[in-house]
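Letters A, B and C name the chains as they come in the text, with residue numbers starting at 1 for each one.
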Amino acid sequence: MSRQGWPRRLFAAALTLFAMALTGCADESEREREITFWTLSLRPTFTDYMEQSIASFEAAHPDVRVQWVDVPMGAVDRKLIAAAAADRAPDVVNLSDLMFARYAGAGAFLDVERPGGVLDRFHPGALAVGRIDGRQLALPWYLTTQALICNERLLREGGLSADDVGRTWPALLEQAGPFRASTGTWLFSQPIGTDSQLPIMLLAEGLSPLRPGDDGLLEPDLMHPDILGFLQAWVDLYREGGLPREAATDGFEHLIEVYQNGEVALVNTGANFLGRVRDVSRSIYDDTIVLGPVTGSLDAAHVAVMLVCVSARTSHPEDAVALAEHMTSAERQLALARLAPVLPSTSASLDDAFFQGPTPTEIAEGAALIGEARRIVAGELGTAVAFTPALECWPELRRAFEEHFKAVLLDDAELDAEMAACNARWGRIIDAMNRQRRSRGGAAAGIEALPEAIRRGLAEGAIRE
Amino acid sequence: MNERGLVGHGIVPYLYLTPAILVLGVFFFGSFLWVIMYSLGTLNVFEQSFTFTGFDNYVQLFNDERFWMCLGNSFLYLLVTPALIAISLACALAIDAQIRGANTFRLLFFLPVVTPTIVAAIGWRILFNEQSGLLTTLAQPVVSVGDAARIMHAAFVSEEWGLLGGNAHPAVAGVMATLHVEPLSTPRWLTERPWTLISPMVVTLWKGFGFYMMIFLAGLLAVPRELREAAALDGAGRWTSFLHVTLPSIWPTMTLVTILSSISALKVFDEIFVTVRGVPVDHQTAVPFVYDAAFNQGSFGTACAAGVVLFVILLVFSIINLRLTRDRS
Amino acid sequence: MSAGRDTPGGRRPLHISAVIYCTALLLAALSIGPGLWLVLGAFQPVGAAAGNPLDQVVQDGAITHPSTWATTANFQQAWRDGDMGRPLLNSIIVTFARAGLNVILAALAAYPLARMRFRGRRIIFLAILATTMIPEQVIVVPMFRIALNLGLYDTLAGVVVPFSVSAFGVFMCRQAFMQVPKSVEEAAVIDGASSLRIWWSVMLPLITPTLATLALFSIIFAWSDLLWSLIILQSPSQYTLPVAINSLLGTFSTNPRVAYAASVLALVPIVVIFIATRRFFRPEMFGGATKG
């Protein structure tokens, strides 16, 4: 019937569209092997760098095609879990040391150690972060160490200067209260709730929250009086209003915001952050000086490590490992460090003149401070330690700690009671991890999971005994 | 006409429904079946392994005090519904009364509805800034709300002498803990109870009142004007006329707004995520609990079990809601 | 108040008017506040003091020269860095496809639910409504798996198809169809028209206002969808605007104002569409949804 014709045609058209939508993505058959590589928030700043790096890899491996996907930092957990649930985890993925262990513990990654391989080119501390239960589950990529970034004008307002400002946390905690009272701004901020830095800070103080028990296996030790004392000082300062509330709730991002708003005088953070201060708030940048980082009593700065991992379920493991090795090569890392205030994890790269101070271009652009910060952080790398323990349950331990510590900060719970609960929970988490390790034929975690500096201290009895 | 309807017999109605059923069936019910299955075991997405554990996840969930506190908070969040109805109805009445500039106001009030959440979030975080935000400046009058809540908390759940003593069910205790605040000078909008719940509620109000206002306006248009004018001529006061003429005739609209806004209040996520992200999970509501379990804690089974429980609660809640409001009309 | 139209019958006392206006103005200010804030931030030049953008606009009680607080540099950089052209086009495609499909599929499904009697009608309707009670946060993971198996990964179709019909839309259209008097259909049946023809040329024109409303809501939701798009898309060539903006907020991006500028670029089209179509956006349009 002709008058029924056109609605029918519409229907047919809609169905065709639907079918086209369904089939539209079917890939043309490919002879090449394709591997997917996820990075964290490198676009748009490093688009060119990544494209060059991939092009040089593809030139060396003509039958491999790399598909690069850049994932925003805040979306990576969601995307990775969804992709893995559909058995489409990326072949190669870049993760921070904070995220890595959790997925490693779930069996997400391959051992990337190859006979005659490349492991000896890396900073040993950075390499150790990726080594779990005797298996090298990740290669270190770039590093960020910290520097103490100071707003000199604010410091002066509070009667302090670069010379007499505290360079250890206990000293800073002492100065924070009077500074707040006299200026109305804060002396410093530090993430202690969300993304809590306290577990790492404890390690850096030589107050290890984990120590080997009589059987040599790691046990939680949060109830040690020195540890409780260190934590209590932070709680007291927060409760008195001596830290911005974001210190409890907002993680690292808040450091940039409170600093560029002129609300805090000091932040101890990565140097990559200076560029943003310069772009957002010129006047604050002009008042800024850079000092070496706040350290604990071990006198070593903490290094945060970006890692490159290979999915355990990749169908092209050798190509994927080759890509991970290519991205973390000394040459590629030096090229990356030239573009951004990050440090290479390949020890040899640090000898480059680039790390000895500001370049002429930087001086000409009024960005000498950035070059200076780079010199300071690179200089530290010799003594710096990646304090992150090589335990797949570390993220879970941190999360448990954050939960209990936030209850203290935000719900006025008692520190001792919460830490006792946390200590017991840590024990259960570690037991569960050891059970899982044994069921896979591995060994329960002992002292080898702790950074070398801590091991040495514990062995010599120098730490806390 | 006959009871079978005028048009369409046999297979015809199903043909009309096919596309919608396909899409919703495959993507929503299909996904939900997976969720039910995942809730009955332990899933390791990276090893593609699944271990059936029966109802363990549910048992664990019901023993998790934080889950009960989140559920309690979700029900507290329902307080946003009467506020939404009051504000949007008041706006609708004012615009319906054709105050000067009514069209402009209608347009402006609708702007928050079209503002993408990612955009609104930036503005709201600035407003809520505890150091310099506008709200901190305007804070003093509201401090007393905190005091009232503190007294209520003490009266009900204080361990020494409260009416419920220390034996309150975790859900009740959760509600009460949320109401519990210490006396303060400057409220910490984004970190302290009860603000951790009130701040996102303010954003929900902001985002929703324009939408519900439009729905009320449509309802008001359907009230015959003569009816209201007759009431006015009778000398009935504004309030009497509203109560006896306007309100009954917009009752169906009221039902719709109540159901829509309370379902979305129980499902709230975005507003909480953009304002108080970072506070302990038990300050938050049910859907953020699900999110936290799935993507932060990595316990997908628990997340799915919580999702199933939430679905059942929403279903029961909507059915009760429909029954109650239908009886009125 | 409802009886207080400006008719001879009921003039409002002055003090009540004052309260009404003050409240309305306050609400209006709140409504545009966050958007305005963002726009000012997006125009701020590099190096301006951070914090309250109004501080720079108004200094010492006077509005300062625009050059101290406004620049278009952020917009230029956002357009360049975010490569916004392609995402803009993708967003337009996705948004209109989603709105079009939502209207057609909802109107199709709602017709038998409103006007036909058949086995399972009640159950089907309730099942459709029940989809609104499933928390999205937990179904994204299995939904991704299903979409992937259907070959929708990293395609614009993948953004569109799962949300091409909504329970809300079906509900609205059903209510609207139920308002149409039976006599309209009777006449068409006597003429011998088929049911599809009646649906298309008799029923749909009668519920145009509802369809227009539904289309606009679909546009609003599709335009700002981030959660799902972020998961289903991975190539920059497929990015929609919110995904592209989100990637500008990365840790190395040096200037948040560039992200603000990108957000403004995303906000402008939707506000323009809304203002341009406000003629359709009269309260009458919601009539269909109001008769419970």
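Heads up, the rule we're going with is that contacts are C-beta pairs under 8 Å (C-beta built on N, C-alpha and C of every residue); 3 or more make two chains touch, one makes a residue touch a chain.
Computed from a predicted structure; not experimentally measured.
Each chain gets a centre from the mean of its Cα atoms; the one farthest from the centre of subunit B is A. Among all pairs of chains, B-C has the largest number of C-beta pairs in contact. Centre to centre, using the average C-alpha position, subunit A and subunit C are separated by 37 Å. Chain centres here are Cα means. That of subunit B falls 19 Å from that of subunit C. Annotation for subunit C: residues 51, 141-142, 145, 150, 161, 199, 246 touch two or more other chains. The residues of subunit A that reach two or more other chains are 14, 18, 78, 81, 85, 261, listed in rising order. Multi-chain contact residues, meaning those touching two or more other chains, occur in subunit B at positions 19, 132, 294, 300. Of all residues in subunit A, only 1, 3-4, 7-8, 10-11, 14, 18, 20-26, 40-46, 67, 69-70, 72-75, 78-79, 81-83, 85-86, 88, 257, 260-262, 272, 275-276, 278-285, 340 touch subunit C in the complex they form.
The touching residues of subunit C, counted against subunit B in their complex, run 1-7, 9-10, 12, 17, 20-21, 23-24, 27-28, 30-35, 37-38, 41, 51-52, 105-106, 108-109, 111-113, 115-118, 121, 124, 127-139, 141-143, 145-147, 150, 161-162, 164-165, 167, 170, 182, 185-186, 189, 195, 198-199, 220, 223-224, 226, 242, 245-246, 260, 263, 266-267, 270-271, 274-275, 278, 281, 283-287, 289-292. Contact residues of subunit A toward subunit B in the complex are 14, 18, 77-78, 81, 84-85, 87, 89, 102-103, 106-108, 193-194, 244-245, 248-251, 261, 263, 312-313, 399, 403, 406-407, 410-412.
The residues of subunit B lying in touch with subunit C in their complex are 1, 3-8, 12-14, 16-17, 19-21, 23-24, 26-32, 34-35, 38, 87, 90-91, 93-94, 96-99, 101, 104-120, 122-124, 126-127, 132, 206, 209-210, 214-215, 217-223, 228-229, 231-233, 236, 238, 241-242, 245-246, 252-253, 255-256, 263, 267, 269, 286-287, 290-291, 294, 300, 303-304, 306-307, 310-311, 314-315, 318, 325-326, 329.
Residues 46-51, 81-83, 104, 140-142, 144-145, 148-155, 157-158, 160-161, 193-194, 196-197, 199-201, 230-231, 234-236, 246-257 of subunit C touch subunit A in their complex.
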